[in-house]
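These are the structures in question, set out in turn.
Look at the two complexes coming up: subunit A is in both, with subunit B in one and subunit C in the other.
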Partner chain A sequence: MRKSTNWPITTLIALGSLLILFPLYLTVSIALKNPEEMARSIFALPTGLHFENFANAIAATDFFTAFKNSALVTVISVLFILLTNSMVSYAIARNMNKRFFKGLYFYFISAMFIPFQIIMLPVVKQTTAFNMNNIVGLIILYVVYGLAFNVFVYVGYIRSIPYELEEAATVDGATTWGTFWRIIFPLLAPINATIGILSCLSSWNDFLLPLVLLGGPESYTLPLVQYVFQGQFSTDFNLAFASYLLALLPMVIVYLFAQKWIINGITQGAIK
Partner chain B sequence: MKKAIMPLLAGVLAVSMLSACGSKSDGGSSGGAVKVEFFQNKPEAKATFDKLIAKFNSANPNIKVTQVNPPDAETVLKTRVAKKQVPDVIGMGATDTYSTLSKSGLFENFTNDPLTKNIQPAYLDMLKAQTGLSELNGIPFSTNANGVIYNKAMFKELGLTVPTTWDEFMAVAQKIKDAGKTPFYLTVKDSWTTLIPFNGLEPGVVGIDFFKQRKEGTVTFKDKFREVADKQLQLLSFGQKDMFGKGYNDGNVAFAKGQSVMYLQGVWAIPEIQKANPSIELGVFPFPATNDPAKNKLVSGVDTLLTVSKSSEHKAEAKKFIEFLLQSENVKQYITEQKAFPAVQGVTQDDPSVADLKPAFEKGELVDFADHYIPGAMKVDTIIQGFLQKKDVDAYLNSLDTEWDKVANRK
Partner chain C sequence: MAKRRIAYYLMTIPALVLFFAFHTFPAIQGIYYSFTNWDGFNTAFDFVGFKNYVNLFKDENVLNSYLFTFKYAIVVTILINVLSLLIALGLNSKIKFKNFFRGVYFLPNILSVLIVGFIFNYIFANVLPVFGEKIGSAFLSENILGKENWAWIGIVFVGVWQGIAFNTILYLAGLQTISKDLYEASSLDGASRWREFWSITFPLLASFFTINMVLAMKGALMVFDQIVALTGGGPGRATQSISLLIYNGGFQGGEFAYQSANAVIYFIVIIVISALQLKFLQKREMDM
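Take a look at the complex of A and B:
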């Protein structure tokens, strides 16, 4: 028995994937051309295959130092976001009937409405006063900035977990800490994956906060060093695209590994 | 319980180790040498400055200059000022940020400083005129120029010569049009590129003094700028069809491919054009704004200026570094690699593509970019862009006057 093909859906999916694949093709092909080839035609296949663009981009950006910084910032801040923000949210979610926690909840999520540009200057002055204008300060700020959005997402999810589970744990003699760690945290896996990926992406790609916070080139993250290809009147597109490709690769890998959980998280949240 | 605390502890440990690293690199001084931080805004000049710094450091073992070249340098510089961590030596453009920081008294005063001895006086005056201060807060290092870039091969093919007056200029454009080619490739989509003909026309037709008089309220744009506006429109009629949809990058590539015979841009576009077509034969001539060749000076402004912050703890060393950069051979190396022009007398840019500009530099027949005297908040580039679309001269002159007054009243 042969299944008949659903042509309208197939066409739609094909068109959709074209929307993703075409810019990707442009990125890869520009990264492999030289300026002369690019001036001839942006869309044509590269003829020379200039792999030296990648080597030049790595040299110009001091790629590995920046990569190390970016990786450190991202990994540690995501780790701490998952640990601390979920704890905060658990405390809030299970105490929503108390005035203090309800106030705390709205206080945190109201921070979502404040654009970063508004607090930029005070943040710069304060971090300098606390001697936090370095990578450690950056990590701390990411963990704290995450609170607004993450508390919102976590609290919604935790409230959908039946309270009876915890009552059972209490009956078995678990402390609050034990309940959180043994019962709640494992149940948070899908939402942890979602938040992990979102904060991973945002701290990996963030430009403005590292720009105003970090002091010297030795602590620059990847988005900062990639600016070197863009002068006031000149842009080195080929090297820039080569270095963009190098910088986005780790995120693609993260997504490939975590996508199962993300999709899981979306559906889990939907059923309730 | 134990299991739960372990990752936390590991995390805390990792962070504390990190902070230890951070503090070590903060206060590190290498073998007692004085550390001087050199902050500059041009990513494309980073490699050249690295070479010069290496040379300086090896000649002066007791001083160690390090270069900082962050992205979006002006924003970073402003935050550094907010942090009260101003770099020792700063290399930046003569921009609005420079004026603001100068007026806040952030930079050293270089009036009558021996470092200025060899600098073209025209550029020193420009810096002073721009900030409106009596003191000089920076030393011009490299300069740029804008004018008309032309395709030499096509000029020869059509039997054209470089025009020196407005009428000749228009005759050349007409001949190109008659030959079925495009005289100018215009890039109106990027509003800043419309400033180039504006800056070319203004000094010859009206004169830079206008802005001082406008501030005093003795003249208006309406009285003086009609000729500029008419000539702007005249240039427009020689552009290609889709000029409103094309930007700076499109223009560079199109001119490199020979899609137009002339291109109204600054010399900074030359390396970009040559990247797209390394074999192109091009030249640049000063913008012939009027019919009096003596009035048609070359529009040239300070591209990079060097200055020392007042709060620097190593002013002597900082000045020594600037003195080193201003030495003829180092200036020569910089302008050769960066295709810029020197602010120092006695050094010349010998690249054949800019040979037509040489006499103007030698005679010092230079005039500043007009838009440097217009407050940034006026957004004159978008006003011009709108005018080129609507082609309404009266509305254009009116909006220049009203916008100027609006910004002036704000202060």
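Take a look at the complex of A and C:
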């Protein structure tokens, strides 16, 4: 069959990938240049490495605070999503014959079709009234909103796990909680990876919810800081690009190391 | 057994309460406010019935934002699906550095939409015009985001640039479910590549095509981050999407109730479009 390398297609794919890499190349090279180098040529490689752009960007955007906020929000909400959403799904999956749990299942998954805009205005009033217009509120909302999609994925997976395993545990005297934490949760590892990756990407990159919810700069996440920053320093492009790069870099680094994992995880989540 | 039942309820009821409090309750409130004239700040407001809904249909701003959003969503959905299917076919054939390219094409999906938008904003404003002058094109030497008739093309470009990643990976997963034997059999029968694609690949990808179309369309209808980063809705109101209009009018424009009504309509529109797409595309799946 067609065993040898298909060079025309390899060439096309390589050319296409330049379209993806070029903006990223520009980002890195502009972040490393100074205005004079920019004036000479936007496209050329930087001649000197102007790391002071990064130092200035860190100072101007209070990068470490935003990074800490983004990291806290992402790590804690992913952790809670994995622990709670899987538990809710377990109870639903094992009781689908009961009206309450079946109703709950459809209740949660039907929320997937509700655009955030319809709840956006009231939820901001509500969270402000509860003093939740901060990082804690953001985490709670991510964990709660995660149910809509995650229940759908988890329930499908849990129903494929044979019930006999749990019966054996019950005979040995395990409670429902014990069965879940010791038997089911470990078995969920592959789907936990998928849900973890998807939740991680969506909370790290989310802009709209932090934009409407967060009260003060002390709780701003990385995308939100870029937005505020863009309004103030839109003329110093080297500084701006250093700041963009700093905000993009953490996920890119994670991606470089866990690329295969991430792609497989996303694929599985979406096909379910 | 009673203990067992109690455990199941304890596992779900807190989640149910929280979900109701922070998702369903605000949604109901939003629907309720849509029948009032609340501006979002004052304590007093009146019930006005369907007045907001009637006014929405007379509001040129609202109609334009729907037109823009539909135009954007249709073009982006088609481009994303055609291009990502082509890329997936390419990545699935015998090429060099397959894993490297797979990694590259998926990279945009992990990047923040907002920051990608800022980067492209600079490219459209400063890089493309330099290039345009070099090749002597008067059209390209100006920032397209500043032109009322062309700004949407820039937004489409960024939406497609980023959106392709996800759909490519899904199509690639779909292609791997197709058995190689089918292609061997068809090439023995002397089928052309073109024929193979239309008779084997495309029909067998039907369910992936459905998912990708629905997801791409839904995502595009909700476009917000790119627009904030690229044009802020301008020039004028040329690229104001429905999301952006609800956000601007609802939070800053004192149109809390009015934009709540807009959000209800928007919700119905998304549901209807998704349902129609599913119905139409799944019918195609079954005809195979």
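Points worth noting:
Following the convention adopted for this analysis, the second predicted complex is superposed on the first by the 208 of 272 C-alpha atoms of A that agree within 3 Å, B and C clash if a C-alpha of one lies under 4 Å from a C-alpha of the other, contacts with A are read in each partner's own complex, and residues count from 1 in each chain.
Following the convention adopted for this analysis, contacts are C-beta pairs under 8 Å (C-beta built on N, C-alpha and C of every residue); 3 or more make two chains touch, one makes a residue touch a chain.
Quick caveat, the model's predicted, so the values are computed rather than measured.
Of the two partner chains placed by superposition, subunit B and subunit C are both touched by A:Gln230. Counting residues of subunit A touched by each partner, subunit B versus subunit C, the larger count belongs to C. Contact with subunit C, but none with subunit B, is seen for A:Tyr145 once the two complexes are overlaid on the shared chain. Applying the stated contact rule after C-alpha superposition, one finds that A:Ile183 touches neither subunit B nor subunit C. Contacts of A:Leu198 after superposition on the shared chain: neither subunit B nor subunit C is touched.
When both complexes are overlaid on chain A, the residue A:Pro217 reaches subunit B alone and has no touch with subunit C. When the two structures are aligned on the shared chain, A:Ala174 is found in touch with neither subunit B nor subunit C. By the touch criterion stated above, A:Ile119 is placed in contact with subunit C alone, subunit B being left untouched. Of the two partner chains, subunit B is the only one that A:Val136 touches; subunit C does not reach it.
Under the contact criterion defined above, the residues of subunit A that touch both subunit B in one complex and subunit C in the other are 120-121, 124-125, 177, 207, 212, 226-227, 230.
Residues 35-36, 38-39, 72, 76, 79-80, 83, 120-121, 124-125, 128, 133-136, 139, 177-178, 181, 207, 211-212, 215-220, 224-235 of subunit A are the ones that touch subunit B when the two sit in their complex. The touching residues of subunit B, when paired with subunit A in their complex, are 1, 3-4, 7-8, 11, 14-15, 18-19, 22, 25-26, 42-44, 46, 66, 68-72, 75-76, 79, 82-85, 93, 248-249, 253, 256-257, 266, 268-269, 271-272, 275-278.
Every residue of subunit C that touches subunit A in the complex is listed here, in rising order: 3-4, 7-9, 11-12, 15-16, 18-19, 22-27, 29-31, 33, 40, 87, 90-91, 93-97, 99, 101-116, 118-120, 122-123, 126-127, 130, 161, 166, 169-170, 172-173, 183-184, 187, 211, 215, 222, 224-225, 228-229, 242-243, 246-247, 250-251, 256, 259-260, 263-264, 266-267, 270-271, 274.
By the touch criterion given at the top, residues 1-6, 9-10, 12-14, 16-17, 19-21, 23-24, 26-27, 30, 42-43, 84-85, 87-88, 90-92, 94-95, 101, 104, 107-108, 111, 113-127, 140-141, 144-145, 147-148, 175-177, 180, 201, 204-205, 207-208, 212, 222-223, 226-227, 230, 237, 240-241, 244, 247-248, 251-252, 255, 259-260, 262-263, 266-267, 270-271 of subunit A touch subunit C in their complex.
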